[in-house]
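Input: structures, listed below.
Common to both upcoming complexes is chain A, partnered first by chain B, then by chain C.
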Partner chain A sequence: MTRNKGKGRFIALCLSPAVILFIIFMILPTINVFRMSLYKWGGYSNNKKFVGLDNFLILFKDQKFLQSFQNTILLIVIATVFTMTFALLFAAILSREKIVGQNFFRIIFYIPNILSVVVIAAIFSAIYDPSRGLLNSLLSIFKGSNAEPTLWLGDQKIVIFSIAGAMIWQAIGYYMVMYMASMASIPESLYESASLEGAGRIRQFFDITLPLIWTNIRTTLTFFIISSINLSFLFVKAMTSGGPDGSTEVFLSYMYKQAYTNSSYGYGMAIGVVIFVFSFALSAIVNHITKREPLEF
Partner chain B sequence: MENTIKNKNGMGVEKLYKVFIYVALITLCISIFVPVAWVFLASIKENSEFYGNPWALPAGFYYQNFVAAFEKAKMGEYLLNSVITTAVAIAILLVVALPAAYVLARCDFKGNRFFNTMFMAGLFINVNYIVVPIFLMLVDGDKFLREFFGSSFFLNNIFILALIYASTALPFTIYLLSGYFKTLPKDYEEAAYVDGCGYFKTMVKVIMPMARPSVITVILFNFLSFWNEYIIALTLMTEDSGKTLPVGLMNLMTAQNAAAQYGQMYAGLVIVMLPTLILYIAVQKKLTQGMCMGGLKG
Partner chain C sequence: MKKVVALFCALALMTTSLAGCAGNESKPTESKNEEQKVLKVAALESAYGADMWKQVAEAFEKKNPGVKVELTTDKNIEDVISPKMKAGDYPDVVHLGTGRKLALTETMIKEKGLEDLTDVLSMKVPGEDVTVKDKLVPGFTDTLATNPYSDGKTYLAPMFYGPCGLFYNASLFEQKGWEVPKTWDEMWKLGDKAKAEGISLFTYPTTGYFDAFFYALLTEIGGPDFFNSAMTYKEGIWKTPEATKAFELVGKLAKYTHSTTVANANDENYKKNQQLVLDNKALFMPNGTWVTGEMKDAPRAKDFKWGFTSLPAIKDGGDRYSYTFFEQMWVPTEAKNKDLAKNFIAYMYSDEAAEIFSKAGAIQPIKDVSSILEGENKMFYSIYNDGTKASMGVFAATEPVEGVSMPDTLFGTVNSIVSGDKTVEQWQNAVSEVSDKLRGALK
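Now for the complex of A and B:
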């Protein structure tokens, strides 16, 4: 019996620090996001006024918020489509073909993933710089040196694509390595018999590779979309901080601006609630759309 | 493309395809390698060189950029902060997460399912969603302390920052570690009990050493995410003295636009990314293997 008592104490001792930290720094703040969204609360003063759902009503008429909504969705779509396509393509090439220096390519492609977003933002600022930037000076070879420089981060129409470029650059390698791992588990015999039947590389890719790693693609897709909401904020904060004139403002950067910079905590947290709901809804939708019968090999 | 594949008779097509593949691979390779290498070269350029052709090689080794970054831009101080924060956060994380993951994976007790689900749910809470409430909580804590003790403690404290890093990394770490603990056979513990080992001793002496590979994975991933993190540090470190490297780098980025001190900024950039690059080159195999083992990061 003493053994059981000791066991209970041991379990409590092992588990409680983790549970306490988790509750203080993750559960409570999350609850607070939802609670505070119901208050009108600005500044460091304790003037909290319960206003119910008023914050949300203002929110859906707020042009800036709607724009940040639009920007977020645009960034998610562009980043997802390009990252996934390139990652799958390069993974297929590197794992299916006999490539000289395969390992070397894998090592280089993964590098952006280990760099801080601030570092990547600084690198891309150097690339995008209008007068001294790498990209414009490359383009001027084709356009002639007298051509108007493109303002990659200053033109409202272009800037969101410039940010998407940085996001894609950062993510390709990570997902490529992921897909390479799951492609490696597809038995070689399938490809052999397929090529005996006369199926070319492209057929093989769509009929063998894609269906067999579909479960993996599905999970990575959901995670990628969710982390895009987050990453778009990190990039925007470091590269443009929402500018010029709100044209790169995304969900989280607008929330941060309202809550932290502007000190309207209640309003900011209402945006936070929308982000929570949006990300859950989005992952549920993606999960539903991509549902297929799992294939075994 | 479809045509070239169907057209199987020519070796020329096959060759063309190979060329196409290599061009694609090398293009991506260059687009990653060149900007990173360019930053290294730019960090040893003199300020005047930045007004010329950006593709020009540096005229000499202008190491003063690094001196300026370390002294004037205080990157040395920030480097120390980053090292302390990352080390303390990883230490706290391991001390807290290892026992919890062990208990959750291998002990039957009432509420096991509940706690497992709770930590799993934590995987979906992104730190950046809750950074403002955390900040407000610390502000309140400080206000309380100042009233009773006359000094503040929570904000601008790199140990608190480390504690928050560790806490927010708990769900992923526990998920990864308990996934590993579950694969170990029960016999080890039974043998240890028969030999008269207590629960605690069994965990520390028998199970922990076996968990070494996954502990290394945990350390690698969390080193990268703690070292590179900047939103929490930016929010909680309102004073200059507590800033970490990425936050200091952001300051340098804003400053270089105003004061045209490019060399200093690129030197700062090198200081931030060099440790991660060295680590990556040393352990790249483990890192990519570990990634596949642990599945996804959030």
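Now for the complex of A and C:
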């Protein structure tokens, strides 16, 4: 009994540094965000005023917040669908097919992931440039050089998709490598017997590859959705600063704007709380609806 | 025995992992010299560079033995000082104007976090026999930019100033034989003429540059009193015929704006819009005197020469205004050495300091300062000599109103007007609505 007690104490002691750090740097700040969302506070002085849930009431009537909510969801949906599809497609091709220069492609696809977001934003700003950009120059071959240029970062109907384009380009490589890794562990014999039974490549992909890497897809999906919320902020900040006229404002950029430029720190924290709850709920939902019996091989 | 070793190991682990957090604590004690007073100065490193601040700090130290100036300069000074301020470590003097993206100065005003500087005005400039007030150009301490609560008390000291207006390529006008328009009617005619040659009349770096433009325009249309009513959110002011005229004018100007402007009107690409003027693709852009330095290394059309004019008048013979932008210096109420800080501010207006600043191109509103100017600066600062009037001031300070921002609504919407996503009427209504909300929060 005393031995056990001693062991327990030892474990507790060993864990305590990590636990203390976790509490100081994760739990306490999070609690603080929740607490601050109940105050009216500019961020610097001592005049904090407790306003209860007022910040949240204002929030749900704030058109600009709702717009940023919409934009965020749109970005998450578009970026997730396209990134996942392309990453799976490329991973399947690169790991199942014999292509010349496989490694070369693998590196090329992975490169965007090494670049920092600001660099990618600069690259895409150059691509989207209305007069000298790659995209418009390419399009002018079809439209004629005198046609009005498309304003990829200026047209409010297009600009959010332009940002999504940069996000997708950036993310594909990373997830492709993740999927390739798990695809490599699927035994070759399964594919062999499937082809003996007469299953084509597409059939093999949907009936063998996809179910067997499902657990991996599930995890990455949750990862990706959460990181999209963060990444969209970086891209928006570096490419459009939320413009033109708020049409690319996302959750975090709006929160930043309110907390710092509009001197409403408490309100910003209220937005933070909504984001927190939203991301939690979203990952829970995603986790739930993608739940399958894990397959063993 | 085993237990003791285990305990020891765990403790060692804990202390080493926590030691990282405590590392910063010990530093400040080093500079704690009994005799020496430390004045913490934080200054924005703008287009003028950081060297002039170092020189001024040294000169101040020389004048005040026993005082050490701890100078922090940065291009994004907000990012450097605000985390410290949140932690309770305040600088004694801050040089940072309003109208910055992060709006730290505005936040301090809204939070009533500024020290009253009215007594600095009647202080003698160190080493000289005149008061600060006597040295300042009149009018600079009567605006909402220095007296944000309009209670006759000065909370922000006016520092470097510069006229804002329209910049253009002077030699292009000479080549084409065009006259710089004096009224808006002439402006539109010029716009049509330029269009025929494939040049747009107008562009803007970002919508943020419309602040000076709008302030001057409002003063031209309705006079200084109207401008002040607009700045203090007077009821119905944005629905008056004068305001309507201003909105419609910008609406018309939007039609003459270069087509790619909106796509580049963000913090990343705004220089591409400024480049349009250098490349003779657009005639005018609203800007400040810093633009010549900012675009110093940019390629440009042959024989390019900067030209600078105030906004055209509304009608023939009408008043023309140029908005005077100036940076401010302030003392946080939480500062430790307030007296020394005020002394430092008074010193800023001494001939010695003014000379250091003006060598770097930073001009303070001190009487007779324009006599020492040279070159391009002479042209910029002489804009007020030919009858153009100066317009000064900013929106009055309010309590923060959640989700409501005047700059976003009044200036940011210009992008939507140019791209046609919103109508001028929608814009005017939105501004009026925001004004109503802010009026209730006036200090």
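The working rule: the second predicted complex is superposed on the first by the 269 of 297 C-alpha atoms of A that agree within 3 Å, B and C clash if a C-alpha of one lies under 4 Å from a C-alpha of the other, contacts with A are read in each partner's own complex, and residues count from 1 in each chain.
Rule of thumb we're sticking to: contacts are C-beta pairs under 8 Å (C-beta built on N, C-alpha and C of every residue); 3 or more make two chains touch, one makes a residue touch a chain.
Note that the structure is predicted; figures quoted are calculated from it, not measured.
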* chain A as common anchor, with chain B and chain C clashing or fitting -> clash
* Name the contact category of A:Thr30: first (chain B only), second (chain C only), both, or neither. => first
* After superposition on the shared chain, which partner residues are touched by A:Leu59: those of chain B (first), chain C (second), both, or neither? -> second
* With the two complexes superposed on chain A, say which partner A:Asp155 touches: chain B (first), chain C (second), both, or neither. => second
* Partner chain(s) touched by A:Asn262 [first = chain B, second = chain C, both, neither] -> second
* Asked: Of the partners chain B and chain C, which touch A:Gly243 in the superposed model: first, second, both, neither?
  -> second
* What is the contact status of A:Tyr128 with respect to chain B (first) and chain C (second): first, second, both, or neither? -> second
* chain A residues touched by each partner, larger count belonging to chain B or chain C -> B
* Clash-bearing segment of chain C relative to chain B, given 44-52, 80-88, 98-106 or 224-232 -> 80-88
* Which parts of chain A are touched by chain B and by chain C alike? -> 6, 10, 13-14, 17, 21, 24, 44, 121-122, 125, 129, 238, 260
* Asked: For chain C, which residues are in contact with chain A within the complex?
  -> 3, 6-7, 10-11, 13-14, 17-18, 21, 82, 85-86, 101-103, 106-108, 110-113, 206-207, 259-269, 272, 400-405, 408, 412-416, 419, 421-422
* Asked: For chain A, which residues are in contact with chain B within the complex?
  -> 6-8, 10-11, 13-15, 17-19, 21-22, 24-26, 28-30, 32-33, 36, 44, 86, 89-90, 93-94, 97, 99, 105-112, 114-119, 121-127, 129, 132-134, 137, 169, 172-174, 177-178, 181, 200-203, 219-220, 223, 226-227, 229-230, 233-234, 237-238, 252, 255-256, 259-260, 265, 268-269, 272, 275-276, 280
* Interfacial residue positions of chain A with respect to chain C in the complex -> 6, 10, 13-14, 16-17, 20-21, 24, 40, 42-45, 47, 55, 58-59, 62, 64-65, 121-122, 125, 128-131, 148-149, 151-156, 238-241, 243-247, 257-258, 260-264, 267
* **Sites on chain B touched by chain A in the complex** => 1-2, 5-6, 8, 17-18, 21-22, 24-25, 28-29, 31-36, 38-39, 42, 50-51, 53-55, 95-97, 99-100, 102-104, 107, 109, 115, 118-119, 122, 124-126, 128-137, 139, 163-164, 166-168, 170-171, 174, 198-200, 203, 224, 227-231, 235, 246, 249-250, 253, 265-266, 269, 272-273, 276-277, 279-280, 284, 287-288, 291-292, 295-296, 298
